[in-house]
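Look for chain A in each of the two complexes below; its partner is chain B in the first and chain C in the second.
Showing the complex of A and B:
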């Protein structure tokens, strides 16, 4: 693949082979991995992003009482989804200021979805009347199943990319022969050498995280990727049901009695859970067959300070309100999965732990980014004519620009769309996402027509400008400008603005560096010219 | 406690960096004796172990290990950044 390789002896060391594997495994899906890494990174602040994207909801100073919120939402669902066999209510937390619900639609009309989804105001229990948005949920969904694609395809694609990532990490560690000797080494202003040093530092410092996050990412969707063991072993519905309860407290509705009976108050049930697990630590309330004599209510424990997502729940009789069952243990294999799952999501963490996740994950994003750029840096010097690179080189270069600078612009564009789209427009949440992709495609087209270096500078500059002006746009379009947020002690909004400025500074610094960069071709040309002169003499 | 663990890790990784001849040259302009380097290395590894103990004692194994992993990564980044800045300063002189 490389001209230099032919000059060497035919037998190549394992390190060289691993280096090739690392290069190509990393490059082939590097652009998708970069997008998965960055959207995953911001998803550690999913709830805060959602709060920012619903500016109509006031800053949540104290968490609304989850039990009361559950009762109010259940009352609303009793009106809008009375005949549904199943409701799942997700309760507000200290970080999330909304309740949400999912319910099955018993006899969906053709062409309509067989389920309903809605967001609720925890203080009234009414459906939210604010701007329709996916909020931070969009980045999370994009992270593991993309968009426009059928969900299952997207998840398979994400899994395939994660496998490439595992290969890239393992082969990268083998390739990096001076992992300890060069641990703290950075050689400034040395072109390819500097890129490699930075790439190594970003990879090695976060190595435990990068390995963990890639492997656990595969674990989160393991029942999709490897269903055959379960298929072979779980031959009866009863076994399947027992298996499902090891993974999730989401149970299907049982047989109906077809005798109407009022649902017992769910707030009392939530309080039983809170007494057991701590206030604010009930994640969700699942109601099956509401309004029937066979109604059941499952109250599920939240994620606070528990490094496992294994289901822990209380099962109540939905009519008498009697506690029927307590499940707080799963088998060893299920618990292993639960721990790995929780490590990936990081939902158990308090604010500082979340920041640690965010920072190290951002380093992972930069690791992928520097790896992608390095592919071009390494090859540019060897090009016969650096002004007119071959087709493959140009493809990689343009895709790098569109995926690295472009994603920052598209993500910021999504947030701009949230503020600029009229609140009442139909299908608003979907249009916000369309804005994201339209901006991204626009950036790709721009990157295709501009000279590469100019495109880097201009697009990084544009990203910096959009990020820096976002707090200004927010101040103009909402009643929550930066100074007021600070004065009110609203650290979600103030922190968001500060973060945008910090990211703007980062992009501006990158744009400046790209602008100041003296292309190395000229130096190399000079050297080559000198060498030629020596030969002539 | 996490701040203490972070500071300890920064110190420990700083010691480990200073136990390397390349960085001794960068920061002090000369290489240390082998004994001094060895002591720095010992201090560095001890510091990392003490920080691990602190983190686990404070929050238990599950949360402690997760926090420790993040703290060591960030501490390594801080030491790395400091070395880069240091080197740039000296190069400019």
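Showing the complex of A and C:
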């Protein structure tokens, strides 16, 4: 007997439900996750990207003295932001050849930002007169708050995607009966099977890392995502302040005396910090109420050579220069959070560890990318008519092309924009970002109108060409071509060029594979055509 | 008419699970983060410990909701876990508000 048409659908097993959860949680936010993963991956070389994007600044052979740089920038801020209640100066490091500062604007004009941001030349303390750019900072900001969106919305969106990622990882593991065996299985050239095996290998290889990086990503913004405990417990300003100092040395300005008093030299304070933590290990100098008798200076330890980013700082009287307080310990939970935060940022390690972070994160990016592609590969064979897929399939297919091939083109386009835009144009840093998004939208439109397979081949090819030619453009537009960088031992620039060529080769290989790929439906088509001919005859 | 009803009957449990996972899971994580205030480790540390744990609770809740045999059982599970957490959260919050004293 045939079962009734409206009989209850059979209950799906646990593994099947986990597989569904994995598929749909992954698909829904997969495109955003892919972009978060890739921009996060390159952000491990944020400082190097920033160096490349400011070619006017010579290769930094020796780190400028941080104490002197702090004093020079403080002097400049004393002239341009004298009435500000708060300055935060970020010092140059062995990897970063600029100093930067953030300061509050006390009475902002309507429509103007309530704060100022600027980049400084550590050797003069003057505002940087070179091309205006966000540098690698753009990729980092996009990674956790996107752009154009209000920052808080962007961070919530990033948090939601990260939570989906955690769920996708856990459900993906449960789906796998034979996670260990699968790792050693690779079926080349077997269509869907190959994509599945690639996805498994990429996922399992970096599994602990992917889970760690996603969870610690949530931890970096946990006070935004889970404020309820803080709301319940931190009912007074004193409690809030005590809590804040467990997470950060960034403190709000205290009450002013409204008695003018000159700021004590901050270089001496930075030297006290360096004597404690090692040279080059002071990250920032925070000055509150500069020029007032109640001025305070906080000298904060950097993230190098310690496995926690929990705040360690020295508090100085800003007028007498006397050391008022030393904080080098936080509570156990705060220390745990500091370690998790440090694990996410990966700033504690040396260059080798940085490369390891980069490679494993790239595998994570590829994990998301292969997962997205697999969704279409798996379903294409089951389509009633592969030539005319249904709307949902087409959406996924096009978004895959625009997010995977498209992001490579947009990111490279951002770097091209950095070299091609006139140096003096107003709002240049913003225009560079506009170029990034304009290119991305252009690629999306292109992907919408071209046949999918052609679009993959052409766009991956375009990405390869743009990447391969970037060192050429750099050689033509700056005085720092590859051979000169190598001769000068400038491994930031030489390494950047080599990386572009390596990435170009990767994209070219993917484009070639896409071009050689013979999808199954073509064979099926052939059979159908033959069958039709037989019928005709 | 019956086709529409049938569609609701099929989609209903899935929708219930999704709502339970996304919002119920978040609520459970949030409750756990407040319940952590009952830990005897001083308020700032307890707040941080609660925040750190909340994402683990959230993730486990989502997975649990989809592991459950039915949507009804999934929601029942969420509520059963929520009750002790809510009690702990409520008593810890009350203690915090009344104490008002300095924190460790």
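Throughout what follows, the second predicted complex is superposed on the first by the 512 of 537 C-alpha atoms of A that agree within 3 Å, B and C clash if a C-alpha of one lies under 4 Å from a C-alpha of the other, contacts with A are read in each partner's own complex, and residues count from 1 in each chain.
Rule of thumb we're sticking to: contacts are C-beta pairs under 8 Å (C-beta built on N, C-alpha and C of every residue); 3 or more make two chains touch, one makes a residue touch a chain.
Bear in mind that the values here come from a model prediction, so they are computed numbers and not experimental data.
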{"item": "Room on chain A for both chain B and chain C (clash or fit)", "value": "fit"}
{"item": "First (chain B), second (chain C), both or neither touched by A:356", "value": "first"}
{"item": "Chain B versus chain C as contact partner of A:340, first or second or both or neither", "value": "second"}
{"item": "Superposition-derived comparison: chain B or chain C, residues of chain A touched", "value": "C"}
{"item": "Touched partner set for A:305, first chain B, second chain C, both or neither", "value": "first"}
{"item": "Touching partner for A:348 - first (chain B), second (chain C), both, neither", "value": "first"}
{"item": "Which of chain B and chain C A:167 touches, first, second, both or neither", "value": "second"}
{"item": "Touched partner set for A:209, first chain B, second chain C, both or neither", "value": "first"}
{"item": "Which superposed partner A:199 touches (first chain B, second chain C, both, neither)", "value": "neither"}
{"item": "Touched partner set for A:233, first chain B, second chain C, both or neither", "value": "second"}
{"item": "Minimum Cα separation, chain C to chain B, after superposition on A (Å)", "value": "19"}
{"item": "Those residues of chain A which chain B touches in one complex and chain C touches in the other", "value": "none"}
{"item": "Residue ranges of chain B in contact with chain A within the complex", "value": "2, 16-17, 20, 22-23, 62-63, 66-67, 69-71, 73-74, 76-77, 79-80, 83-84, 87-88, 91"}
{"item": "Touching residues on chain C, where the partner in the complex is chain A", "value": "2, 6, 10, 21, 29-30, 33-34, 36-37, 41-52, 54-56, 58-59, 62-63, 66-67, 69, 89, 92-93, 96-97, 100, 102-103"}
{"item": "Contact set on chain A toward chain C in their complex", "value": "6, 9, 11, 14, 17-18, 20-21, 163, 166-167, 170-171, 174, 215, 218-219, 222-223, 225-226, 228-230, 232-236, 238-239, 242-243, 246-247, 331-334, 336-337, 340"}
{"item": "Of all residues in chain A, those that touch chain B in their complex", "value": "181, 183-186, 188, 201, 204-206, 208-209, 212, 305-308, 339, 343, 348-349, 352-353, 356-357, 359-360, 363"}
